[in-house]
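Each of the two complexes below includes chain A, the first together with chain B, the second together with chain C.
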Partner chain A sequence: MRKNGRFRFFRQFFTIAVTAAMLVFLSVPGTFAGQIKELKIAIGVDADTLNPQEQTTTLFQNICDLIFDGMYFQDPQGKLHPRLLEKHTISDDGLTWTLHIRKGVKFSDGLPLNADVIKQTWDRVLNPKLRVPLRFAISMVKGCEKVDDHTVKLNMKYPFAPFDATISMALVSPISPAAIEKYGDDVRQHPVGAGPYKLKEWVKGDRIVLARNENYWGKAPTVDQLTFKIVPEATTREAMLRTGQIDVCYKPLPSNVASLKKLSNVTVDMPLDTRTIFMGLNCLKGATTNKKVRQAFNYAIDKKAIVNRILFNTAQPMDGPVSPKVFGYAKMDYQYDYNPEKAKQLLKEAKFDFSKTINMRTPNGRYLFDKQVAEVVQAQLQAIGVKVELRTYDWPTYVAGLLKPIEETELEVFLLGWGPLFLDADMALYGQFTSEVNPPKGLGSSFYTNAAYDEIMKESRKAQDPNKRFDLLKEASSIIWEDCPWIWLHVEKFVLAYSSNIKGMVVTPTEKFYPNHITME
Partner chain B sequence: MNDTAINTKDNNTDTTQDLVTSGSRSWAKLKRNKAALVGGLFLLIYIGCAFGAPLLFKGNPSAPDLFNSLRPPCAEHWLGTDELGRSILGRILYGARISLMIAVGVVGVGLLIGVPVGLISGYYGGKTDFVIQRFTDMFLAFPGFLLALALVAILGVGLKNTVISIGISMIPLYVRLVRGCVLTVREEVYVEAARASGTKDHYIIIRHILPNVLAPITVHTSLSMGTAILFAAGLGFLGIGVQPPTPEWGSMLGSARAYMMGTPHVATFPGVAIFFAVLSFNLLGDGLRDAFDPRSKI
Partner chain C sequence: MINFLLKRLLSIIPVLLGISLLLFFMLRMLPGDPAQVLAGQMASPEDIEMIRTQLGLDQPVYIQYAAFLKRLVHLDLGRSARTQNPVTQEIWARLPNTILLALCAITLACAFGIPAGIIAAVRPYSWVDYLVTLASLIGISMPVFWLGIMMMILFSMTLNWLPAGGIGTWKHLIMPSFTLAAFVVAFIARMTRSSMLEVLSQDYVTTARSKGLQENLIIVKHALKNALIPIITVVGLQFGMLLGGAVLTETVFAWPGIGRLIVDSILARDYAMIQGTILIFGLLYTLINLLVDLIYAFVDPRIRYE
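The block that comes next holds the complex of A and B.
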């Protein structure tokens, strides 16, 4: 009898305890089934700034997107989704863009996002006194005017058809005016935006922690906290993923991708990137001014072997002058397949001076196995009788060399990468090959100059009809493909490895990933 | 006057004889030092590889063969192939030449500049010594590798600049070492006698002082060669030393880092080569130091 009484007491106590625990669990705000407390992401470097207007590195533009949200979001297929903007309208002449701002949006500090804030953002981006390294991307905007509380008007210097994709960049994401007032330039250390997350903690050289923004206007993220852990060595990042210390490994080494793919607890996503890697050939000075020489160099390089053997298939040989991921890409009718005999023949026809040594330069460690790729190109050019001397440079010195005008430039053959920041061919075809972007004005370091080409590209910017625009971009691509201002090498892939129990990770061709709505099994 | 001159000459002959005797005593000590002998043996193998590279390895060590990349050691490629399909054995053998060239070049720069400056500083003393030593202090304030790194940044990359940069970073050590030795030697009676007899300074420095500071210079040179190889490998590893496709051990190691997980042999063999080359110079240097030290009894 006494035994039964004790049993009953324990049963009642257990029932009450479980019920109380469940009530406590359910009463915690925002904590519900499927909610993930923390996602640990290992990245290679720390951020210099988290001011979206100042940021040039894709990884930190990615973090800015999470803190600030964009005007639009361009999905991996290139489709634009409204975010801080609901829609836009364009005048017939293409010189006025009217932006309709989403109503009811608040910054994480509670301030409302309205037309005044958007105007202030454009004024800041266009203000030459402020440091905005990517200002060239919106250089077609003359100014911004407020129409009403939720509408602004942008006046353009010239029509620019892919402008809607352009404003999906973090470059024009609004910062809370209160934060700007409070911190001034130092807002780069204290970012306050209207995105799904807000900055919780930033320990320099160690971690950046983002917490869910309770004021977010959109669908609440499924992950409460994103911890970006700074781990410079890629092999260490990989080891941490293998052992479960982190959930996401940013850019593992291509040489280890195959072994990571074999692991049952790891998923490797590697969408094709927008970034093309090429060997620029100086079209105005030196040994590569002759088109036949440039074509010969293209035939001399075994791009497929480079992709297979050096890059472990984390890239794809170029078959057109832009990445297949961007609007305006078209596979070219003929390819420069590896053909050393044809290359020799073309050099002969061009009366190439084999006694001269060509200078080749490459950065070391900026792009995937850049030095190794350059070494192969050097060896394969030497195999057709061309004398080549290769030099490696650190990145700042290298970039300084790219910006010198034709009178001063020492560039002959140089390895470089070019990755459009949104999925459109304009940034590559206009930003690299029109005479307008020849250094020092731009980064078209091949000094390609062709008036007919310039005309087509200008026409393409005016064309509002996507079909017409596509045809123009294709025509421009064909011209450039034949003229070979580059040795067309490969299109990189963006490699992201993460725990296989993560589902729903959005990985884009612009080297960004969004874990906002993932689920974990 | 004449007597003094004769006496000085006798003294000089005695010094030479002393040197010969102490030289043979040191050689006997060195022969008994097993570690130094092993170091010497490694060094002979290393020099043999450097000079015999074209005989030991047929083919071009810099020519890529992409379809044979990252192969493990096999009958065809004894130490396997690197990421571009080049024989690691071939590159290590030819790399020995580059390393030896750098080591000799670097100590050459150090010796040619450091020793005369150290001799002058120690012999003349006074203001000359003060000025030279403050400059030396300035250079010594930087860690050697950091100084070499800064100099490469100023001079630019490449084999020649690597040698010059590391060489310059070695100069202050030679200056300080030689000066210290000279300070002792210049007070010796035979130097005083030579000076009293009116012998010119440069003659005294070359004939009386230099031979007596040669032992520490030899030891330091041997140890410096090891350091030079290590510094050059460090610069190569960082990608700012000898330029590709030249087979340099440090840059081989630097490139191989990315393949450590799947194909560790690519990084292992250049690492082993650097290890043994540096070890050989260090063991020999230690042995020489013991051999030249009159207090050591081996």
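The block that comes next holds the complex of A and C.
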């Protein structure tokens, strides 16, 4: 009898336990094995706006991508994957692009994404009254027309072959029309998109919290909540990663990368970036108008030493005018390896006036060790007998000086960085070296002017065949490589450190990372 | 008393006006264009011009100032150029954090500084006195940045007792408050010491001693009370400093306060935000000064405000 009672008790207990376990399991919809509750990411600054049309900072374009999703997604290899668009077709003259919108996509507020929304998005991006700082990137678009519920047509001012990669940018990600209507301009505080996440909480100066979007059309992310903690000091971010207070550390100090790599519980990802750092040389005014002088300056600088000794190998010397990560990159046939003797020889041939002082400028704190890099360049130019005076500026002052027209410009030698926003050489080769972008119209502050070069770059924009376009970009690269409007310094690396039990993090050369589908052991 | 208070409160207005005027024109003399910084490196000249118009920066400076004053009357500090949010909203989101941290730091600093100063004064030129002097010297000379990181290495990374940064629990408060207090405690200890030394040599202390009063009682009741005025002054000034000068501590410990907001705003040439935060600091500083004056009267009945 007693034995029987005990057995009954166990059976009852067992039943209750199983039922309870099932109830718990069933009451948490969408939770399954491998689901991660929260991923904590430490970043350096708070967002100014989460309106993708207004954003200029890669990190927040990254967060916008998570909230809004893009028309296309460009993976780290440069391949485009359809997202909000299924595909596109281009007319033979390259002047009409037809975009086919994915069916069944809903915003996180439940509103459907259709041709009207996409047209509204293009109208907003093109509207000169709205603040769209990156508008230049889509300035070839004349206007957008609705074709049917899931198709729109874009009319172009001129053919632009890399336009498909262009629209992978958050710049043209659609915002829910209901949110625009409800919040007006303040939609930047209340972003509503069709991406895998939605904004849950934004505590100014402290954190931005994203939660999974239950209405997302695509593959559900494995992380329920992404918390971006704002930790301005890189050392503190690193300490928080080491102590497990956070899972992902955005841009740790380059000087600490080596020691982080040695830790068994930390993974350091550092893909090559699209951003190149260079010393611009004024091609229209002053001592650097002579090509031989510009080449001499290139031979005078030990770029490998800069990368090794100053940047702790978080960069790589340039071996072509663009980053190896972009389409159109080709390693150049000859390199300007460190050779002070050759530099002196070239200066002699150019009848360089050694009595004159060259004026060099650098921003301070804008790029990794920018001032220190400029100091090395100064020292190495002085080593071949060139007198150089170096001045440092904070960024707002510096950038104001960059945009002055040739008559007013004081620029002779100046440090700058240029990072194409998607993986294509056009933004660098066209956006820095065509005569069209000479200041004040653009930031081609070297004032490089070459009609033949301009012609090749225009041709490349028309070339819809990738092979043909590649050849043209390579040809343009060779011309510019020889003419040296820059001292070709280095390509930066994007450093992301995270807990080593995270697998499957997608880190891109445009300084973005996507933890949507990670797994944790 | 009420009259005094009213007069003092009214006198804050010209002070703030002075600050705003100076600041307004000084900011606009700085090189660099907010519109350009906002638009980013790649923007076209038309878009930069459009942003400049939106921000009202195409207007002459005196018109901009008039508009600023007009808004100020309605307690509107304008909108941040960078985030386009009302400046008051951005400040409100962070000010409580700054005040909390400053209060904790000043409490800690008093709790350590005043006793240390008293002990040093009671046994002048003894080893205790030298120890306090040495500790003060170290406290003043230690860069906040360095101390913060050292504490982080010890208490977060090695011992794993405290979080390295951020806000949330009382544990998050400990390291930033101590770091801030380390600097202030030195000032308070030194001021307490010298003020106490002066008082302890007064005749009434000698009288009290000759009456046979207990030494403890003499120090706390007779001497300290009379030595308090300069100490309160220093505490008040330091508290004002803490409100505005915690930038480094806030940065090191990822404390979302006002200091960091100011630095970011200056780097972006966000005029409205810089003006707003500095004005708020000016206001807080004058209010603290007023409070200190009121405490004087409370501590020393001879001080009366008519």
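Everything below uses one rule, namely that the second predicted complex is superposed on the first by the 499 of 521 C-alpha atoms of A that agree within 3 Å, B and C clash if a C-alpha of one lies under 4 Å from a C-alpha of the other, contacts with A are read in each partner's own complex, and residues count from 1 in each chain.
Here, a residue touches a chain if its C-beta (ideal position, glycine included) is under 8 Å from a C-beta of that chain, and two chains touch if they have at least 3 such contacts.
Not measured: the values here are computed from a predicted model.
**Q** Check the residue A:K79 against both partner chains and state whether it touches chain B (first), chain C (second), both, or neither.
**A** Neither partner.
**Q** Regarding the shared-chain residue A:L390, is it in contact with chain B (first), chain C (second), both, or neither?
**A** In the superposed model, A:L390 contacts chain B only, not chain C.
**Q** Looking at chain A, does chain B or chain C touch a larger number of its residues?
**A** Partner with more touched residues of chain A: C.
**Q** Just chain B (first), just chain C (second), both, or neither: which does A:D48 touch?
**A** Second partner only.
**Q** If we overlay the two complexes on their shared chain A, which of chain B and chain C does A:V203 touch? Say first, second, both or neither.
**A** The second partner, chain C, only.
**Q** In the superposed arrangement, does A:R309 touch chain B (first), chain C (second), both or neither?
**A** In the superposed model, A:R309 contacts chain B only, not chain C.
**Q** Determine, under the contact definition given at the top, whether A:V399 touches first (chain B), second (chain C), both, or neither.
**A** second
**Q** After the superposition on A, what does A:M240 contact: first (chain B), second (chain C), both or neither?
**A** second
**Q** Using the superposition on A, tell me which residues of chain A are in contact with chain B and, in the other complex, with chain C.
**A** Looking at chain A, the two contact sets intersect at 235, 393-394.
**Q** For the complex, which residues does chain B have touching chain A?
**A** Chain B reaches chain A through residues 62-64, 66-67, 69, 83-85, 157-158, 239-240, 243-245, 255, 257-262.
**Q** So in the complex, which bits of chain A are touching chain B?
**A** It comes out as residues 234-235, 238, 253-256, 258-259, 302, 305-306, 308-310, 364-365, 369, 371-372, 374-376, 378-379, 390-394.
**Q** Within the complex, which stretch of chain C touches chain A?
**A** Chain C reaches chain A through residues 30-34, 36-47, 50-51, 54, 82-85, 90, 93-94, 97, 149, 152-153, 156-157, 160, 163-167, 251-254, 256-257, 260-261, 264, 267-269.
**Q** For the complex, give me every residue of chain A touching chain C.
**A** Within the complex, chain A touches chain C at residues 42, 45-46, 48-49, 56, 128-129, 131-137, 139, 185, 188-189, 203-206, 229-233, 235-237, 239-240, 242-243, 245, 393-397, 399-400, 403, 418, 431, 440-443.
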